[in-house]
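Chain naming follows the written order as A, B, C, D and E, and within any one chain the residues start at number 1.
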Amino acid sequence: MIVRKRPNWLGMLLVWRGSVLPDILPQLVLTTAFAALVTVLHGQLFSFKVTLTFVPFSLIGIAIAIFLGFRNSASYERFWEARKQWGALMIHSRSLARQIMTLQDDPAAVKPIVYAQIAFVQALRHQLRRTDPLPDLRKLLPADFVEGTLAKAEFRPALILLHIGGLVAELRRAGRIDPVLVNAVERHLDALSDVLGACERIAGTPIPFTYSVIIHRTIYLYSFLLPFGLVDSIGLLTPLVVAFLAYTFYALEALSDQLEEPFGTAANDLALDAMATTIETSLREMLGETDLPKPHKPKNYVLS
Amino acid sequence: MIVRKRPNWLGMLLVWRGSVLPDILPQLVLTTAFAALVTVLHGQLFSFKVTLTFVPFSLIGIAIAIFLGFRNSASYERFWEARKQWGALMIHSRSLARQIMTLQDDPAAVKPIVYAQIAFVQALRHQLRRTDPLPDLRKLLPADFVEGTLAKAEFRPALILLHIGGLVAELRRAGRIDPVLVNAVERHLDALSDVLGACERIAGTPIPFTYSVIIHRTIYLYSFLLPFGLVDSIGLLTPLVVAFLAYTFYALEALSDQLEEPFGTAANDLALDAMATTIETSLREMLGETDLPKPHKPKNYVLS
Amino acid sequence: MIVRKRPNWLGMLLVWRGSVLPDILPQLVLTTAFAALVTVLHGQLFSFKVTLTFVPFSLIGIAIAIFLGFRNSASYERFWEARKQWGALMIHSRSLARQIMTLQDDPAAVKPIVYAQIAFVQALRHQLRRTDPLPDLRKLLPADFVEGTLAKAEFRPALILLHIGGLVAELRRAGRIDPVLVNAVERHLDALSDVLGACERIAGTPIPFTYSVIIHRTIYLYSFLLPFGLVDSIGLLTPLVVAFLAYTFYALEALSDQLEEPFGTAANDLALDAMATTIETSLREMLGETDLPKPHKPKNYVLS
Amino acid sequence: MIVRKRPNWLGMLLVWRGSVLPDILPQLVLTTAFAALVTVLHGQLFSFKVTLTFVPFSLIGIAIAIFLGFRNSASYERFWEARKQWGALMIHSRSLARQIMTLQDDPAAVKPIVYAQIAFVQALRHQLRRTDPLPDLRKLLPADFVEGTLAKAEFRPALILLHIGGLVAELRRAGRIDPVLVNAVERHLDALSDVLGACERIAGTPIPFTYSVIIHRTIYLYSFLLPFGLVDSIGLLTPLVVAFLAYTFYALEALSDQLEEPFGTAANDLALDAMATTIETSLREMLGETDLPKPHKPKNYVLS
Amino acid sequence: MIVRKRPNWLGMLLVWRGSVLPDILPQLVLTTAFAALVTVLHGQLFSFKVTLTFVPFSLIGIAIAIFLGFRNSASYERFWEARKQWGALMIHSRSLARQIMTLQDDPAAVKPIVYAQIAFVQALRHQLRRTDPLPDLRKLLPADFVEGTLAKAEFRPALILLHIGGLVAELRRAGRIDPVLVNAVERHLDALSDVLGACERIAGTPIPFTYSVIIHRTIYLYSFLLPFGLVDSIGLLTPLVVAFLAYTFYALEALSDQLEEPFGTAANDLALDAMATTIETSLREMLGETDLPKPHKPKNYVLS
C-alpha cells in the first residue's frame, strides 16, 4: 500500500513513486517512438499511405470504455473485498478474544487461545504470500501441534481453527463455559473460517484470463494505429497525444493488474505484513501485555 | 478456469489458448471477408452505391455500449456469485466438520458425518454438471441410503442434508450433544442448503433470452454494415478496422456466454472438479487422514 | 421464462419467439414508414425543409444512454432479486422441513407442518399472480382454517406462517421439541416472512412512473426526428438505419417493462408456477412420498 | 407514489400528471424562449457574433453523463433502500407479532405488545414526515407512557421499542416465556431498531450538497449556451432541440431531487401513510380483528 | 456536512459556500488565464502554431469518463459506508442499552454500562479525528480504568468493549442475567466491534494512490491542452468553455478528495461531532435523564 501525504496539485503532476510509470515505461516509450516515426513519415509505411481518420478510434473507444471500465471495477472490487476480509479478521479476532476473556471462567485458558488466534492470522498471511509460516507458528503454538500436524499439512489455518475449537471444547467439558455461550464463541470461529475461505477464493480465482487478453489487444492495437489516424489533422503533436492516451490506457491496465491480486507485494497491494502486526498488537494489548510489536514503517512510501 | 502465468505485454498479443478466438473464428473470417469485398467494390452492391457515413455507427454505438456492458456485467456477476457459493461450500464444510469434531462427544460419529458432507459436495457437483453421482456416493454413504433413497431421487443433495440432520438428531437423542449446540450445527446445515439453492438458481435461470437476441442482432448488423460506413474515408484499411471492432464485440459476446453458465465446462467456467477435490482434501486432512487425493492439474492451461 | 436451446449465431438473427418483436411491431413499422416518407420527401414537410444534422442526436444520445441504461439495470435487478427471493423460498422451505423432521420428536407432526409450508408457497404464488388460492389451499390445510380464517382474509401467506408457528408452539408445550431448538425453527419462519415481504415490496412498488414517461418520450422523439438528421447524408439508407436504432431502443424498453414486474406472465417473467411445483416436489420427496407432481413443460418455449 | 395503469405507447407521450413537467415548466419555457431569441438573432448578442460549434457540448456531455448518471443512481438507491426498510418494517412487525402469539404463554399480553408495535410504525412515520404522532399514539399505548414519557421526548420510536422490551421482560420474569425464546423476540426488536436507524440515516444525511451545485450549474450553463452551438447548423429547429435536451436534463434533475428524500410528499416519494396502514391492517388481521382500516386510495394518481 | 435549505434553481447558480469553488480557485484561474493567452496568440507558442483539433479530446474523454466516474463512485461509496457505520453505531448503541435495561435484573448495573457505551462512541470519534479522548472519557468511565489502562493504550475503543464485556460477565456470575441472554448482548458488542473495525478500515486504507495520480494528470493535461484544440473553431469563447470544463473536472476531483476521507473536517465530510452527541442524547433519554446535551448547530452551513 502506498502511504504518502498527497502533494498539492502541481506536485501530483511530478510524482514518480506511486505512479505506475516505472512498470509501463518500455511500452510507452516504444509506442511514442513509433508515433514519432509515423509522424515523420507522414503516415506512409513503405511508400503506402495509411489513411485513417478519427472515426474508427471513436467507435473502438466504446469497446475500450466497456472493457477497461469493467476490468478496473472488477479489480478494485477484489482489492476492496480483500481489504474488507482483513478488516473482518481484525474485528472477529478482537471479538473472539473479548469473549474468551469474559464468557468462560478459566483465566489460564485465555493466553493459549488468543495466541492461537494470532497464529491463525500469521498462518493466513503466509499462505496468501506463499512464505514459510513455521518460524512464526513455533512462537505461538504448542510444539507438538506445529511439528506433528501443521508442518506437513496443506491447509494450515483451517487446522488452527480446529485446534482452537478443541481448546474451547475442553473448557466446555470442564464446565468452565456454559454450552449456551459456546454458541457465541462458535460464531466467531465461523467468521474466521469465512475470512479464510474468502481470501482463498480471491487468491485462487483470478478475473477470467480472457478479459485480460481482449483488453490488452484492444488497447495496444488502438495505440499503435492511432498515429495514422491523427497525423493528417494534428501533425507534429501526434506523438504527444498518442503518448498521453497510451499512458492512460497502459497505466490503468497495470494498476488493474496490481489490484486484481491484492495479496501480492506490488506497490498498490494490501499491506498484509503491517495489518497482521496490527492485529497481533491489538490482541496482545487486550491481554494486558506491554511489550508490543512496533508498527511497520513504509519503505519508499510503500507499506507491505 | 484458465490457469496460466500471464505472459509479458508482447506475449499477450499472441496468446491463442485462453482467448476465445477459436470460438468466433468462422464469424470473424466471414465478417472480414465481407468487408474486403465491400472495399474492393467501393461500397457498391449490384451497381447500387450504399452511402453510409460514420454517423449511424456512432449513434448505434450508444445502444451497443448499454447492451454489451450490461450483458457483460450481469454474466460476470453470475460467474462470481457462483464462485462465492463454492467458496461458501468450502467454508461451511470446514466449519461444520470442526463443530462435529468439537461440539459433540461421540468420536465414532465424526467420520460418517464428515463423509456425508463430502458426498453432499460431490452430489452438488454432479447435479450441476449433469453427470451420474452414484459411483462417487457409494464410496461415501451407507449403501441402503444410496440404493434405497438416492438412486431414484431427483433432489439428491437436499436428501443428503436431511440424512446429516438425522445423524445429528441421533446424537442429540443419545445425549452426546447439548441441544443448545445443535443450533450451531444447524446454522451450517442451513448454510449448505443456501449454497445448494443458490447454485440451482444460477443453473436454472439464465439471463433473459431476449437480451441475447437483441445484443446478437445489434452487433452483427453493426459489423456487416460498418464497411459501407468506412470505405469512403479509410479505403483499404476498412477490413482491418472492421475485423478489429468485430473481434472485440464477438469476443465479448462469446466470453459472456461462457460466464453466464459458470457451471459448464467451457474454458472460462468454474473448475468444479478441482474445487470439489480441494474441499474433500481439506475435510479429510481435518480428520487426520494422510492418504489424500492429489490436486487436479490443468490440461492445456484449463482446469475443469 | 423463455426456455430454449440457444441457436447458432446465424439462427439467433432469425429468432421470432423470445425476441420482443411481436410487442413492438406496430410502433416499429410506423417509425420506419415515417422515415421512408421523410426520405422520399427529402426531409421536406409541407414545403418546409427541416434541416437537422447528426449533432443533436449525438448530444441526446448521452441522455438516452443514462436513461435506458439505468432503467434496464433497475428492471433487471428487480427481476433478479425476485428470482433470489424464490430461491430463498426453496432454500428455507427445505431447511424448515429438514428441521421439522429432525429437531422435534413427534413423527405425526411432520406432515401437517410440511403441507402447510407447501400451502404457504402456493398462497404466495396466487397472491403475486392475483389468482384464487382457495382450491389449492383446501388440499393442503385443515378445512376449518381455510374456510374460517383464510377465505375472507387479505394477507393469507402471513396467516399461514402464524398457523405453522402455532403448530410448533403445540409441540413445544407438549415437550416434543426443546425450546432452544424452537429458535432454529423460528429462524426459518422468519426467513419465509422475509421472502413474503420482499415479494410484496417488488410487486407493490414499481420503478417510479416518471422514469418511464421521460424515457418513453425521449426515445420516441429521437426516433421520429432521426430521419431528418440522416436523410441528407445517407439518403436511401435512412429508413434502414432508423429501423435499426428504433428497434434497439423500443426492444430494450419493452424488455425492461417485462422485467420490471417479474411476477407477471409475460414471456420473460419468472416461471412462478413451475417453481412452486418444484418446491412442492422437493418437500414431498423429503417426506418420502413417491407420487410426485410432474415438472412443468414449456409451451412455445415459454415456461410460466 | 404514482399509481396508474400505464397507458399505451401513444398515451405515454401525452401524460401530464406523473411527469415532472409541472415542476420544471418555468425554467423550460425560459430556456426555450432564450433559444428562440438566439435563433432569431442568428447567434448575435449586441452585434457580437457568438461562435460555438458542437464540439464543446460533445466534450461537456461526458461530464454531464458522469454527474447526472451518478446523481440519478445515488438518489434511486436512497429511494429503494428506504422502500426496503419499510418492507423490513412490515416483515419484522409480522414476525414479532407471530412470535408474541406463539412463543409466550400469556394470551392477555398479546394485544398490548402488538398495539405497541403499531405505535412504533406510526411514530416512525410521523417522525419522518415531521408531523405530530401523539393523537395516533394515544389510541395505541397506555396513557401514562404517552403523556409521561413520549410527549416531551425527542426519539420516540426508540422509547417505544424500550417499552416493548419492558413488556417482554415482565413476561420473562413471570415465567410466561422461556428465556431462550426471548432471544428470538430480541432479534426482531433489534431488526426494528435497524429500520429506525436506517430511516433516520436516510432522512438526516442527504447526498452531499456540492453534487447538486455542480450538476445544476453544468446543465443550466449547457442549456443556455447550446443555442449558440446549434443555430448555425440547424437554424430554425434550434429551439426545439434545445427544449428537448433541456427537458431531459431538467426532468432527471427534478426526479432525482424527489427520490433523494424518499420520505417527503412529492409525487414520486414513498407512500408512507398507505404503507403504515397496510402494516397496521396485517397485524390486526393476525390478531383476529375484523374491523380493519380501509386501504388508502390514490388522489390524482398519487398515493401518499 | 453541509446543511442548508436548497435555494431555487436561480440561487443554485450563485451558491458560494458549499460549492468547492474556494478550494479550486487558484488552479481554475490559472487554467482560464492560460486559455485566454492561447486565444490571444491564436494558438501560437513562440511562433510555433500548435494545431490540435477536437479529436484527441474526444478520445481522451473516454479515459476521463472511466477514471473520474470510477473515482467518484468509489469515494462516494466510502462516504456512504462510513455513514452507514455511524448509523449502525446509533442502532446497536440503542439496542444494547435496551437489552441492558430489560434482559438483566440489576438496576444499578444499567448506568455504568450505558455510560461506557457513550464512552465507546466518543473514543471512536476521537480516534478517527485524531484528537485526545481522555477529557471526555474521564467523565464517563471509572478513573482507574481510564488512567490505568486507556491513558497509554493504542486501541482504546476495543478496550472499552472489553470493559463492557467484563461488566456483563460480572452480572452473569452474580446470576443477574441468564447466560442464554448474554448471547443477545454479545451480538451487539460484536456489532459495535464491527463498526469499529469498519471505521478503522476506511480511515486506514485510502483508494490506491495511483488512481489519484493518473486522474490528476489526465484532467490537468486535458485542460491545458484544450485551448489549442478549441481556439481555431470557437475563437474568443475558448476561455469560457475551457473554464467551464475545467471547473467540472476540478470540482469533481476536489469533491472526491473530500468524500474519500469521510472522517475528516472538510465541508462535505461526516458530522461526527454532531452524530456522537445525537447518540449520547438518545442513550441518556432512554435512561430517563432530562438534562440532555443540546443538538449541534451548523456554522456557515457546515455541521462538523
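Going forward, contacts are C-beta pairs under 8 Å (C-beta built on N, C-alpha and C of every residue); 3 or more make two chains touch, one makes a residue touch a chain.
Quick caveat, the model's predicted, so the values are computed rather than measured.
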Mutual neighbours - chains that touch chain A and chain D alike: E
On a C-alpha centroid basis, what's the spacing between chain A and chain C, in Å? 38
Just the number, please: Cα centre separation of chain A and chain B in whole Å. 24
Touching two or more other chains in chain A are residues 58, 65, 69, 180, 183
Enumerate the ring members one after another: first chain A, then chain E, then the rest in ring order. A, E, D, C, B
With touch defined as at the start, can you tell me which chain C residues reach chain D in the complex? 27, 50-53, 55-56, 58-60, 62-63, 65-67, 69-70, 74, 153-155, 158-159, 161-162, 165-166, 168-169, 173, 179-180, 182-183, 186, 189-190, 193-194, 196-198, 200-201, 205, 208-214, 216-218, 220-221, 257
Taking the touch rule as given, give the residues of chain E at its contact with chain D in the complex, in rising order. 1-2, 4, 6, 9, 12-13, 15, 18-20, 54, 57-58, 61, 64-65, 68-69, 72-73, 76, 79, 83-84, 87-88, 90-91, 94-95, 98-99, 101-103, 105, 178, 180-181, 183-184, 187-188, 226, 230, 233-237, 241, 244-245, 247-249, 251-252, 255, 258-259, 267-268, 270, 281-282, 285-286, 292
